[in-house]
Every structure is written in C-alpha cells, then in structure tokens.
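See structure below.
Letters are used for the chains, namely A, B, C and D, taken in the order the chains are written, and counting of residues starts over at 1 for each.
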Amino acid sequence: MIFASDNWAGAHPAIAERLLKESAGFAAAYGTSDLDRKVEDRFNEIFERKVAVFFVGTGTAANSLALASVARPGGVAFCHTEAHVTVDECGAPELFTGACRLVPVPGADGKIDPAALAAAIGRFPPGAVHQGRPIVVTITQATESGSIYSLDEIDRIAAMARAHHVPLHMDGARFANALVALGTTPAEMTWKRGVDILSFGATKNGCWCAEALVFMNPEAARDMPFIRKRAAQLFSKSRFIAAQFDAYLEQDRWLDLARHANAMADGLRAGIAASNSGRLGWDTHSNEVFAVLKKEAAEAATAKGTKFYDWPIPADMPGLVGPDEVLIRLVTSFATTESDVSDFIAAIKAA
Amino acid sequence: MIFASDNWAGAHPAIAERLLKESAGFAAAYGTSDLDRKVEDRFNEIFERKVAVFFVGTGTAANSLALASVARPGGVAFCHTEAHVTVDECGAPELFTGACRLVPVPGADGKIDPAALAAAIGRFPPGAVHQGRPIVVTITQATESGSIYSLDEIDRIAAMARAHHVPLHMDGARFANALVALGTTPAEMTWKRGVDILSFGATKNGCWCAEALVFMNPEAARDMPFIRKRAAQLFSKSRFIAAQFDAYLEQDRWLDLARHANAMADGLRAGIAASNSGRLGWDTHSNEVFAVLKKEAAEAATAKGTKFYDWPIPADMPGLVGPDEVLIRLVTSFATTESDVSDFIAAIKAA
Amino acid sequence: MIFASDNWAGAHPAIAERLLKESAGFAAAYGTSDLDRKVEDRFNEIFERKVAVFFVGTGTAANSLALASVARPGGVAFCHTEAHVTVDECGAPELFTGACRLVPVPGADGKIDPAALAAAIGRFPPGAVHQGRPIVVTITQATESGSIYSLDEIDRIAAMARAHHVPLHMDGARFANALVALGTTPAEMTWKRGVDILSFGATKNGCWCAEALVFMNPEAARDMPFIRKRAAQLFSKSRFIAAQFDAYLEQDRWLDLARHANAMADGLRAGIAASNSGRLGWDTHSNEVFAVLKKEAAEAATAKGTKFYDWPIPADMPGLVGPDEVLIRLVTSFATTESDVSDFIAAIKAA
Amino acid sequence: MIFASDNWAGAHPAIAERLLKESAGFAAAYGTSDLDRKVEDRFNEIFERKVAVFFVGTGTAANSLALASVARPGGVAFCHTEAHVTVDECGAPELFTGACRLVPVPGADGKIDPAALAAAIGRFPPGAVHQGRPIVVTITQATESGSIYSLDEIDRIAAMARAHHVPLHMDGARFANALVALGTTPAEMTWKRGVDILSFGATKNGCWCAEALVFMNPEAARDMPFIRKRAAQLFSKSRFIAAQFDAYLEQDRWLDLARHANAMADGLRAGIAASNSGRLGWDTHSNEVFAVLKKEAAEAATAKGTKFYDWPIPADMPGLVGPDEVLIRLVTSFATTESDVSDFIAAIKAA
C-alpha cells in the first residue's frame, strides 16, 4: 500500500507500451518529429483553441520555465505560501527567471486569498523601483493541500491579475485530478477563466516523464524555444515525451486515470471518516487525503508496509492534532487498487 | 538512410523492453529507489572505483551541471572552439554556472591544442581580478569533429589542468564510441588520465533519455544534489533513467552498440574513399564521418531519402571543398544497418 | 525641514573637504593605493581585530555581496519580513547570489523573532534537496522600524545561526546610530556577539558614497575580490571611497555625527509626545521616528515645506491609526538642525 | 611620471570643487533631484536629441547594464577579441545579462573586422535554438589598442548590426579622447552612425566616479530603472554623480581635458619616435601609446619612478618585439604634465 506520493507509481501499461512501440525507427530530433506535431495538435483539440505547447521533463522545469517566460528584471511573482514553486523546487524558479522573487501570499485551504493577494500586489506601486514589479500570479490546481479552486475562485484571482496587468499561471501537476473533480473542461478551467500559462502535468497521473508547458496565447511563447533549450529541457529524442502524451491523451484515458485516483481517495476518505482510528484533517476532493490518525493506527498501517508521509501541522490550524495523534498525507494514483484502500482501512481499524 | 544524427534513432529494443518491464509497481521517488542504487553500483564496477553518479535528462544538462559543480564567481572554463558546450547549448553552461565564461581554445582536428591551452590559461595570472580565474578545462571525447583524443593527448591536457589547479571535465556524449575505438577501458580513458568529471552519454547510443554525470571523486560532488534539483533535472520517476542504464550497461551491450555504430561508419568511410563521388574530409575513427562529395552525388543521396547535414568548412581548412563539392556530416548509430550503408554508397556512386 | 530620509542630506563638510584634498596627484587604481591600505588598517583598529574590508558604492551592493559571499546552489537566507534586502533592493540579493532565496521571518518591532527563526530554519532539514538549504541569517541594525537589537537579542539570533551552521550577517546601513544608542563598541556589537559579516554603512551618516563590507574572519572573504569585481563594484579610483572613510572614521567623527542625528530624533520624539497633535507610533531610539499625527498637523507641516514619508501601518498593529490620523516616518541625519526640529514641532502644534 | 593608466589620476580641480560645493543642503534621493534633471538635459544638448541617461558608478557597470538592457534568453553579444567587456570585466556582462554569451570577433588594430563580424553573426541563423541568437554588437571607441574607429568604420559595423536586426553599443570609456581625435561631434560619432546605446565614460577623463549610460532612443530604456536598481547601481546621493558631470560637461571642459591628454600622448609619440631608445609599437591617436623600448631604456624610466605596464605582444604581431626589447603601454590623462612627458623622454634617451 503505497500512498507516499503519486510519483511512486510507475507508468500506465498503455503508456509504457506506446513507448516500446515508438522505440523503433528514426525520427527528426529536438521536437520536430511528426509525432511531436501530432501531439501538439491534440493539445489544440483539448483546449479548444490554438495553443503553444512545449514538452519538458519535470514539473519543476514546467513551472520554472513558465515563470521564466514572463520574467523581467526586478520581477516579482505571487504564489501561495505553500506553493510547490516556493517550497519544493530548490530555487529553480529563481534560477530560470534570472533572479526574480517569489512573494508568498497566505490563504486558507492551500488557496491564495484574493484580499491577501490584493494587499501583496498593492505593495508594488507602478514604477517603485526599489520594490520591484509584479510579473505574474501563479496558482496550483489541485493545490498542495489537496483542495481545488472553484471556477469562481479562479475568476477572482484572474481578475486581480488582470487589474495589475500581469498574467496568470496555473501549476497543473495534478491538473487532471482537479478537472474531473470539478467536472469541467480544460478550456473552462484555464483560458476561459483567465489562465494564460499552464504547467500540464502527466507524470503523476500515469506517464513516467511527460510535462507540457501550454501557452493559451502562442504569441506569448515567442522566447520559449530559447528558454527551453537554455534550460537543458529540449530532449533530442523528444518524440518519446510526445509518445507518452499520445497514449495519455488518447480518448479519455487521462481523465479516466484521474477519476480512478480520485475515487481511490474517496475510498480512503470514507473509510477514515467511518473509522474510530482517526478523522480527516480537512476536506479534500482530489487524490490527496490528509488524515489525523491515532498514533497506534498510523503505526499499525506502517507495520503492514504502508508508505505515507507525516505532514507538518498547518500554521493556521494549531489545535488540529491531539497529543496521541499524527497528521499524515495519503496520495492515490492511477495505480492504486481497491484492495490497497481496503487493506489500509482494515489496518488502521485493527489498531 | 538516416545519417543526420545518432539522436534520430529510437531506443534499442532491449532498453525499450526494460522500460516496459519496470513500468509496473511502485518505487521510491527522486532517485532513491533500489534500481537507482543498483545502477549506481554498476557504475562503480565499470569505473573500477567508487564514483558519484547523477542521472540527468539531457547531454546539455550533464555538461552544464558538470561545469556548475566547479563554478566560482568570475570563473572561466576552457573548451575547444567548436565544443558543444560553447557552440550548441544556447548558453546553458553560462546559466547553470551562474554566469561563468567559456574561453574558446583552438586546435586542429577538433582537439584542444595543449600549447594554445597553455597560452589561454596564461592570460589568467593568479589573483587577476579583472580577467577572472580558471575553474575547469573541458574536452569532448569523441570530439565534434569525429576525432578521438589518444590517451597520451588526454595526459597532456590533464597535466596542463593540474598545473593550473583546475579539474578536467570530459564531455562523453559519444563516450562509448571513443572507448571502443581506442580499445581501452573507462578507467583508463578517464581518471587514470586525470579526468575528474565525466558526462556519460547513453542517449545517442541506444537509450531514449539517459545521461549520467560521473564524479571520480565523490567528495567533489558535495553540492550536486542541490545543483541538480535546482536545475530541474531531478526526475521524480528517476528509476526509469536507471532502468535504461541498467539495460544499457548490462554485460557489454553499450560497448557492442558503439562497436556496431563505429563499424557502420567504417563502412561509410571505406565506401566513400573507394568511390569516385567524393572523399573523406578528414580522417575519423568514431561514428561520425565527414565527407567532401560532388554536389550531384550528395543530391542523388538526398533524392533517395538520405538525411544528413551540410557542414561548415573548418576555418583552418579553407581549400578543403571545391566549387562543385559540398562538405557533409554522416553519423551512424546502433540502429544503422549495413544496407543503409551500402544503399548510400550505391546512391552516390550512381550519381 | 527635510525628514524624508537620511540620504537626502549631502556630505559632511569635513568629508567633502577631504575628497577635495585627495583629488590631486596620482595613486594606484582599483583599491591598491596607500590610502586604501591606511583605511583598511583603521577598520582593524575600530573592530579590535584583523578584518577584511571591501569598499563598495551602495548599501544594496554591500548587502547583496555579503550574501553572495556565502551563496551556494539552493541556498536560502533568512531575514526579517520587512528587511531592506527583501523589500527594497529590487531583487539585487537574488541576482548577486546566483538565485538564492530570501525567506521572510516575522517578529515584532522590526526584529526577527528567535522562535519564528527556529521554526523557519526548521523547515530545512539537512539534505532536504527540494527545500534547499540555509546559508545565512541576516539582521538589520538599526532596523527598518527604527528599533535596535540589544546585545542579548543579537546573542540569541547568533546562537540560532550557529546551531544551524550558518553565518550571521548584519546590515549596518545605520550601524553608527545603533552603536551610539546602545553605547557599546563595534567589536561588542558584532563579532563578540557572533556577527560574521557586516555591511558598514557611512553614506546615510555623512558620506556621499561610502559603504564597506567587513568580514570578521578574513579567510571567509577569499572569493570577495572576484565577487566585487564581477558585481561592477570595484572602483578604479577607489581611493575616493577610502578618502571619505578616512575623514569619517577620524577620531570619533562618525560617532559624533550619529549622536547628533539620534539627538535630533530625540527632540522630535519629545516634541511629538508632548504635543496635542499626535503621538509616537512606537518607541524608537535611533534616528528614525514613527509618528501618528492628526491629518491637519501633518498637512500643516507639509505646508511649511517639511518633507517626510507616509508609512504603511504595520500588519501587527491594525488599530494604530485613527480615522483622522496618519502614520509618518521622520528621519534625522548629521545635517538636521535644532531649528529643523523646533520648526517642525511648532508647525504641528499650530495646526 | 605616472603612465600606468588614466584612472591613476585623481579628479580635476573644477570637478572636485563642484563636489564640495554641492555637498551642502538636502536634495531628493535616488536620482530625482533637480541637479540630476539639469544634467540629464545637458546630455540632450550634447547629443542634439532627447536621450535617456542613467548614471552609474563604474565603466564595468555601464557596459554590463547596456548589454543587460538588450538581453534575451540565449542571447549572444559580439565584441572584439580584446574588448574590455570580455577580457577585463570578470564576467560582469555575463552576470548582468542573465548569462548571455560574448562571442569574440577578431580584427586588426583593436577594431572589429566587418567581414569577421559577418562570419561570426552568420553562424547564428534565425531560429537556431542550439546556437542562441544575436542580441547586440558592441565596439569600443577609442579601442583597447589605442586606435579609433573612423566614422566610416562605425558605419560599416552599424550596417552589419542593422542587417541582423540587433542594436549597436559603444563602450566610450575614452569617448572624449576619440571625439577630439576625430574632430567630430557626439551626435556624429554615435546615433548618426547607428549607435543605439553608449557607455559615456568620464572617470578616466577627470571625474572620480561618473559614468553614464545613454540611450539614443529613450523608449529602449524602458526596463533600465529596474535593471540599474537591481544591479546596485542606483546611488542614493546620485546628485554627486550629477555634480561631477555638471562640472565635466560645463562649456567644453570635457573636450579640453581630452585634448590635453591626447596632446601629451602626441608628445610621447613624437619623443619616442625621435629617440634611439625605441619606437612606437603601432600608431595611435588617442591618449594611449604603445612603445617597443630597449629593455635598458624601460628600466631607466622605471628607475626614475615612472609607472607603466608591460603589455602582451598582440597575437597578430609575433615579430614586433626583439630579444632585448619590451612592449609597454603608456596612458596620459588630464593630469599629465608636459614635464612628465619630457622627463620620460629624457629618461629613456639617457639609457
């Protein structure tokens, strides 16, 4: 029972087999093959408009290069206090943007609070050279806390970005999980809301290494070929990233995989809530579950070989965890099985 | 007949199948899986010493992070005028080293001339703050010109680097091709000569995306975990790079693949030399062939669907190419077949 | 009556005349003149130990290069939420450190709260590659809020830095003002407390352009000559910075100038507190005064030609300012006169 | 007799006195004072058009920020092999441009050869992502070799830059010396020729620290306020740089000072040529003189206290210096006297 992270899973069989199938033969290198083109067209279909797509190898690369594409000297990006870009990427965004700064903005439930965002941006009046200047707002969908911005909430953030003349980026490392949880479309969750640039993650949802940077306005991606190459993210055999996306985006596979992961998380949520061994730390609807377990329940699960991470208690929830309890994070994926879920619930109940 | 570059090939079947096989199950992320460890051990065997190994996704990343690992403010790296790091990586080395500078050093046959290197380094006397300071010498084996440094030649460069107290890096994008051409061992071609850091390329020789940065002295790699993560080169499902290397380095597969590629190049060399349609531009022993063809011969090959690149005439060989001739580069790979070679030779002969 | 900032003042006559006097003749360039050496020796005296001193042109340069001297890939610096380095330097620290990150740490009164610092550093366990790694703690003395760390408070911050094996930097843009307010010595306020690197500011206190970076352990400054040159901060006629310091540090001039500025601020504090036109926003002991004035009092002062800045209400003091009031900052300097002070007090009283 | 460099001189009395005069009183900080504005207007007059002017502290800053203002990811700047930006600035241009690359272009007499420039730029076809992309051509006037581009020669370089859609920058560390040597106007030597950005140096010609970055098209300087602040080059008491320029540019003082320096160099040139102790290494018309002296003559001058630098023999003049000879550089300045010149000539003649 592996709930440590969705990136502990391997690759979905259909995707792995597509890689094998595409391994024969020759093709033009550096992203110029027919397969690269075909998959780029598939992105146009999915987003219901002509977009510019750039394949990269990691989520950190996707996010960092998204920010790099809008970087200017003295630039400041606004993100949630717990956003992956500022907490988990070892300064990669700062490096690739040429030393732009990330300003953390608080907000409950892992989401940027619009009023806090207004206050944060408000500290950068136009022309205030000492402070620097806003260049982008970035949100994460689904968030690091497992929550999901509603379409209305995205609208509010987007309106704020627009009011300050900066683009809106979405870190979609778990884009598909958010999409199926909201039951909406890629277009509705992005450009129709005002999202300009998207990190479209596929690695956590069944690929082994496939991330795409999607520019809703291709004009805005003018510098990206150079930004990507200089970032060492232009793969010579780029068509193998394309091949993964080709299988991933085929029919509704990517959505089905996300639905499965979310359903497995639903099972965990229901099982934990119904148990006497703990409770949900807070409500989530994605493939991430945060649970407050009795220590003995957590230990029992660990003894059965379950992998999960202890999680730091959020600063705004100081009384969340009792003295004999522990806060843990459980993440499901396309590879999680119903028996993984039921075995885990059984293990904590038996404690 | 694809001779455009070895990275137009796909993945070798044994490697592609290993990827498929490893796609099931779960494993610890970010380079900490058992398979990552196993392959790291394999590198120790191959290099006959304990080395530090870091998997990355592209050759540009390997080279750039090698230089980053020795970067210091005001640092200057010395490379051949035509080295990939300075000519073909869009400033990635400059970016990842925090703005170190690459000083081009001339030399015939794509190899750094030791006397020119001495002169170049000599312009940086210790403490000369305006000029900056030497931090590394980097050579390419096999070179961009298809040539191969002999062990003695590496010794001479290494002695120069040592005399100036800077480490020696080897860009081994075509490491295996050079190794089998020289008929030597990885240890002999690297640390026994004085090479401190190696970009160990596998993508061009049968993997789809597998590059490793090898530090002969693991102590010198102290900062590398942070350098790699910050460079967006720490793959969450790193074990898929490991899986490629696992199959690649199994028994002598990697050497066999390189031997095959070199043999195919030998076939091209022999066929061209024996034809009336052209001649070798200069002698090479790796999987790169540079040929001066009659224009009609080149066009005939192209008409048959052959892919290759026209090549700029080297500055030190101004009279190499006649008025009705063209200089081209042909690159073979593990995937090149004998009929590719014979068809090409037949095509140019028929012109 | 100019209270906008201490850097609206000119240069003290003794310093300006020294510049004139040193303008004749020739001297070795780039910081190697006899005068440069003499002043460096003076720093040794002042700090009661052998220190390494580097003259630079701006306070932003001093702070940024201090951080650059300890930068490592993935590095994270800890500063107060309102520190000049993170709020007022347009990303210069990020640029010069090669994209290190500044983590803001809260604390009342403009000072880092030791417990908050412990919590902030605690989020970076050793080897946690995703998060990055602590490289330095930086405090400001006197702070942006006009407060001054006591020697005990510096001890507590220094202990925390030591416990996490990172150096402690002090931004001393108003070093002299803090020093005379505490009535202590440079040695006591710095290295005897555990301060490793000091930005020693003189511009705000009577020079026109003289900042020094002081390394308490000269060994730690090994890379600084290159860091400074690369930052475009090595002045060819460096002796003119030296000349300013020479006059500034002569006998106790620098302390006298700071005492004067602080005394003028005392006058403002006393006058405001005794008036019916406003009150002190909070207590300060340096040359910065924060006052809550009735709007009509502030307007009356402005009408008399007084210059000062409105100040944002601190996040932790939401009820500080009433509906008909305004928070302002007043800064005194060596050039402030007693009549400036009394005229200002008279102006607000008359409102 | 100081001929080591023009930056060994101090400040011209008229400039030093202006600094003293402006040291009293208060003025708005960070480049917004009336004096800053007045001097900016003076630049408009001098250049016969509305220009954008940014004061900075060092020549390295001026050059680096000029390049930074046109930097783009993957950018490549073209300069002469011996240009100060690439040889003497410790990587500052690379740092401030966010890791752009400087490509050295050869050319006799310290000047870029237009044909070599065409060849160098020609290696960067549009869209060639691996190579990067041209962003600027930079020339030095007067050059590091003491030579001066004629107006026609600037035209030719400018035409090449325009043909490749990149701006032209001029490093004018010795702008005034070149100007009076050519007997032309600032407008004629810059924007009328196609120069877009100028590093306008005054430090070497009588100021102590005054450099200006001049944009012929103010629109192109849009990002400069942030670029300069982030580079730690926005001086709080900026009016003291303005004050230096104010005195420097008053009437024809700056041209008179340069004429004097050049005339002193003429004296050296004539004296050396007429002596039996050596000869001119090559012809120059600026304030730099390169002489091949008999070793004993050089030693005799040194024994008299003369300061000058030995100079490396240019790569394209291998036979320039005989076995008992030495190549030296002599630089004159506003502060050089006729007796300095005659004493030096007497010293070498006496050897």
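Quick note on the criterion: a contact is a pair of C-beta atoms (placed from the backbone, for glycine too) under 8 Å apart; a residue touches a chain by one contact, two chains touch by 3 or more.
For clarity, every value in this text was computed on a predicted model and none was experimentally measured.
Enquirer: Among all the other chains, which ones are in touch with both chain A and chain B?
Expert: C, D
Enquirer: Relative to chain D, which chain's C-alpha centre is the most remote?
Expert: It is A whose centre lies farthest from that of chain D.
Enquirer: Cα centroid separation between chain A and chain D, in whole Å?
Expert: 51
Enquirer: Suppose each chain is reduced to the average of its Cα coordinates; what separation in Å results between chain B and chain D?
Expert: That pair's centroid distance is 41 Å.
Enquirer: Please output the residue numbers of chain D that touch at least 2 other chains, ranges allowed.
Expert: Touching at least two other chains: 30, 73-74, 89-91, 95, 98-99, 129-130, 132, 226, 229-230, 234.
Enquirer: Help me check something: in the complex, which residues belonging to chain B touch chain C?
Expert: The touching residues are 30, 68, 72-74, 98-99, 127, 129-130, 132-133, 223, 225-230, 234.
Enquirer: Under the stated contact criterion, what part of chain B meets chain D in this complex?
Expert: Touch list, chain B to chain D: 73-76, 86-91, 94-95, 98-102, 104, 123, 129-132, 312.
Enquirer: Could you please specify the touching residues of chain B with respect to chain A in the complex?
Expert: Touching chain A: residues 2, 4-5, 7-13, 15-17, 19-20, 22-30, 56-61, 64, 89-92, 95-96, 203-204, 208-209, 226, 229-237, 240, 307, 335 of chain B.
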